[in-house]
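Chain naming follows the written order as A, B and C, and within any one chain the residues start at number 1.
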Amino acid sequence: MTRALGRQGAMLAATVLAWVPAAAVAATVNLGNGTEPESLDIHRSSGVSEANIQRDLFEGLVAQGPDASLVPGAAESWTVSDDGLVYTFTLRQDGRWSNGDPVTAEDFVYALRRGLDPATAADYAFILYPIENAEAVTRGEIADFDELGVKALDDHTLEITLKAPTPYFLDMLTHQMGYPLHRASIEQYGEAWTRPGNMVSNGAYVLSEWVPQDHITLTKNPEFHAADEVQIDEVLYYPTEDAGQELMRYRAGELDVTYDIPADQIDWIQANLPDEYRNYPYLGTYYYGINTTIAPFKDNKALRQALSLAIDRELLTAKITRAGELPAYSFIPPGVMGYEQQAADFAAMSKEERIAKAQALYAEAGYSPDNPLQVEILYNTSDNHKKIAIAVAAMWKQALGVQANLRNEEWKVYLASRDEKNFEVVRASWIGDYNDANTFLELFLSDAGPMNAPGFNNARFDELVRAAAFETDVATRAEMLEEAERVFMDETAVIPIYHYTTQHMVKPYVKGWANNIKDVHPTRYLSLDQ
Amino acid sequence: MYAYAVRRLLGAVPTILAVIVIAFFMIRLAPGGPFDSERAIPPEIAANLAGAYHLDEPLGDQFVRYLGNVLAGDFGPSFRYKDYSVTELLWSGFPVSAQLGISAMVLAVLLGTAAGAYAAVRRNTIVDGGIMALAMTGIAVPNFVVAPLLTLVLGVYLSLLPVGGWGGLSHAVLPVVALALPQVAYVARLTRGSMLEVLRADFIRTARAKGLGARRIVTRHALRAALLPVVSYLGPATAAIITGSVVIEQIFGLPGIGRYFVQGALNRDYTLVMGVVIFYAILILLFNLVVDLLYPLIDPRVRYD
Amino acid sequence: MTDLHAHIPVRSLWGYAWLRLKRNRAAMTGAVLLALIAAACIVGPWLLSHELDAVDWDHIQSPPSLASEHILGTDANGRDLLVRILHGGRVSLAIGLAATLVAVIIGIAWGATAGYAGGRWDGFMMRFVDVLYALPFMFFVIILMVFFGRDIYLLFIALGAVSWLDMARIVRGQTISLKYKDFVLAARAMGTPPLRLVTRHIVPNALGPVAVFATLTVPQVILYESFLSFLGLGVQEPMTSWGVLISEGAQLMESAPWMLIAPAAFLTLTLFCLNFVGDGLRDALDPRG
């Protein structure tokens, strides 16, 4: 496009002009952002890279503070009915779109309907299923959108009705599926509404430039209700798929914050740039799923437990991954709201005791060093997964004599294999969509479909998780979910390995970038201290 | 000559069609589709997506639809980068890849032939050995080692050049050099080899006997004859530069079509990969045609068949 | 009259070539070194105490030292680097030789035939080359790897199937040039049948660039394989190749330089040797000496 060519001319001119001292320097921050966004349409994308940009462009009913706590966003207050089913949001009067139009309840109605519309084919539509009739609408069972539990009572009052009390509903609304949309511009521009110049947004920033694979520029939105608190005038997002390259750009001063860190250079970073290294727990677990639908793992709890016990998680996280991850003895990571971690009983055992028990269970399952288990570990292409798989295979060999071979597939093929259950042991991870235990447990309901990679099928577990969805008392609900996790962990359909941490490099002059468990860092809270 | 060129161009059409057919069916048949994602999509949504992109039609129909669009100049929407059409992505990426590739090619040919010819003239001296040793290392060391090495030294330690991105002359230096290096080496070796043969030929001996100076002999007579294998090599050189550019663009984060290509294959972004393949196909065919046209210009005894 | 022929051994063209090769010291040194490296790669792993996939938990990513019993250090998983380099050598050399052999044979046959036949045959054959050429190598191999899985024999075939194209083009170019040379025209005038013409007169004269290009193809194949490994499509764990080791080492250039230097040194040395042998071959096979 001529934009790209013109851009190069502009860049050349800018490079030359950079020598001319500027009168007032705009505060610009350069962020590494992982992959190139699939789309900036909130209903057509679902990754972290896209979410970061969309979080700066749009504001939902509920927003996130610098520490990821829930704060009023487009809605200044809300009430919940006693039965937990009806949420009434009062929108702020001074909410504006970037073209000056006021943000109304209709904008949310339009957006939520569009998100659930089967014609939009939004792959994260299911996150809105707690809303009354949402699932039926997306499946095409209900054609009349008026039956959807989302109503605009007037310009500034929005009422959402749920099908069951959902304690994590407000947290879910911070997901991009809950953002409003400016109907007029979408209808005017159609598919091209996400282009710079066409896009109308209600967040702290507007989209001003998009050079595919090169960078995306957002500039401050003067119509934003908190615009005078926003200190960064311009933010540039760069696609950085290679963490090693990203680190080099960071060191050269081209990036102010990185998206990730190359795992094998952690020691070097901690020795040379310790103050710029940010490491914090993340709402996610790395685990190995065991295919419980095939031999030899089917109905063979002893074998599965043996494999789990034989892995030395402390050694793995200390020597192989080395990013401060927490060895995982439960599936649900620490820091989940209102939930107590359920550590497996072998967490308290010493390494020798675990190995001894593993060997006993292995023998019980009918295996021995002379009759070893042959197993295949499937993982998707990545240095990190490879290193962990090699280490796990070595541990299994050392402790039990298991012969493990490794199968490496690239992402899409790996997903197909995993979904079709074409594996014996598969590497997987789960990052919570919202801060509640349910997002981790609903994965393994017997009717969860391909997401339930191990094919876990336990009646008691299903019963507990489903009943918890309707339980209004917070404490009782927590107990039900905790018991469900205990049942799940005992069956050892999965082997949790570690709980995630996120790691970033952040330049010392970037202020307002706070560590938090959801790893969200809206640019509206950042400032530069140069 | 023009008749030959026209004939070749017409002959290229079925070639391109064949390429499109092979590539289309291969990538459609590969496991893993463009919409497989971490969270397995509920079946009803998957059905909607497939319908929206016509993936539920029989393969034959999909192909005909696609071919029709291509002939009209529309490569379709990218399956992965949903906000852009393939044509737009190619259009924005091509100038970058072209500048990178052409600069690398020019550097490779100029530097390579000069070095190779010089080495041949100074045969079996230290200069010859030195140049050939350097050439060997240029071939032996992969570009995904050279590139980070250069970047580390020149970009990070010495802060002389930018480490990534694209936007000006300074951004182009490291990628072009890293991309060109192996080709400089190949061309140098080829030139030296054929130069040595040419220098032994009778017509050179005649020229020397006639009293022509060494420099004149080399540049006016020998070089022209020695360039034949180099010209033959230009075809493979283009392919090598295109292949190499994939790595280089990845390493330096350049917004070129090489990157789209690999990501497209890994993402099963059918339309994007097809677009890149067809694009490369046309490019390579045109370039090979040019090379074949050049051949008889250099060696007058070769005729157009 | 004395029978002179009784005392002078009759040699064929190839016999003379072999003599010339033996006299080239650089080429012979290269060949010997190559043999040594190959021997080390084949026999070495049996002689060393470390296993290919044994993890030494106390020495993860540690530098070379005699005290730790890891002469070349360990990789990011704590496996001995020397053993891995030798195993990797087996794989890389095998891939390089097999794929290049495939490429040479097909390339010569195809290119010489096309170049000599000319006309419509040439056009058709080269168009076929164009079709394959126009598929960017990476695309073709990636799809193959994805379809049929990561089999090492498939790797040989795929890499060879892409590399013969260059050879064919070069041979065709040479054939076209040689076709109109005096000695060929003379042989034709004498009534030599085309097959003998091609095999006896044209191909041996074209072998110079072919030999040189073949020795350039081997490293190219090895490097292609390393790029595939980079993408996760090459040899599978726990097998390894020099390409895999180098790409792992390249990412750790600053923090673990031995992981890059050691395998790269092996690769570079091997390629230098191939270079000398290739040059020697070229000089030996050039009939005009």
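Couple of notes before you dig in:
Going forward, contacts are C-beta pairs under 8 Å (C-beta built on N, C-alpha and C of every residue); 3 or more make two chains touch, one makes a residue touch a chain.
Everything numeric in this text was worked out from a predicted model, so none of it was measured.
When every chain is reduced to the mean of its CA atoms, the largest separation from chain A belongs to C. Distances from each chain's CA mean to the overall CA mean are smallest for chain B. Computed from the mean C-alpha positions, the centre of chain A lies at a distance of 46 Å from the centre of chain C.
Each chain gets a centre from the mean of its Cα atoms; for chain A and chain B, those two points are 38 Å apart.
For this pair, chain B with chain C, the centres built from the Cα atoms lie 21 Å apart.
Multi-chain contact residues of chain B (touching two or more other chains): 31-32, 148, 152, 266.
Residue positions of chain A touching 2 or more other chains: 244, 410, 413. Residue positions of chain C touching 2 or more other chains: 146, 231, 251, 254.
On the chain C side of its complex with chain B, the touching residues are 118-119, 122-123, 127, 130-131, 133-139, 142-143, 146-147, 165-166, 169-170, 173-174, 176-177, 180, 208-209, 212, 216, 219-220, 223, 226-227, 230-231, 243, 246-247, 249-251, 253-254, 260, 264, 267-268, 271-272, 275, 282, 286, 288. Against chain C, in their complex, chain B makes its touches with residues 11-12, 14-16, 18-19, 22-23, 26-27, 29-32, 132-133, 136-137, 139-142, 144-145, 148-149, 152, 186, 189-190, 193-194, 197, 200, 228-229, 231-233, 235-236, 239, 242-243, 246-247, 261-262, 265-266, 273, 276-277, 280-281, 284-285, 288, 295, 299, 301-303, 305. Considering their complex, residues 53-55, 57, 60-61, 76-79, 146, 150, 231-233, 236-238, 248, 251-252, 254-256 of chain C touch chain A. Per the touch definition, chain A reaches chain C in the complex via residues 244, 262, 264-265, 267-268, 315, 319-320, 381-383, 386-387, 389-391, 393-394, 398, 405-410, 413. Of all residues in chain B, only 31-45, 48-49, 52, 80-84, 88-89, 91-93, 95-96, 148, 151-152, 155-156, 159, 162-170, 250-256, 259-260, 266-268 touch chain A in the complex they form.
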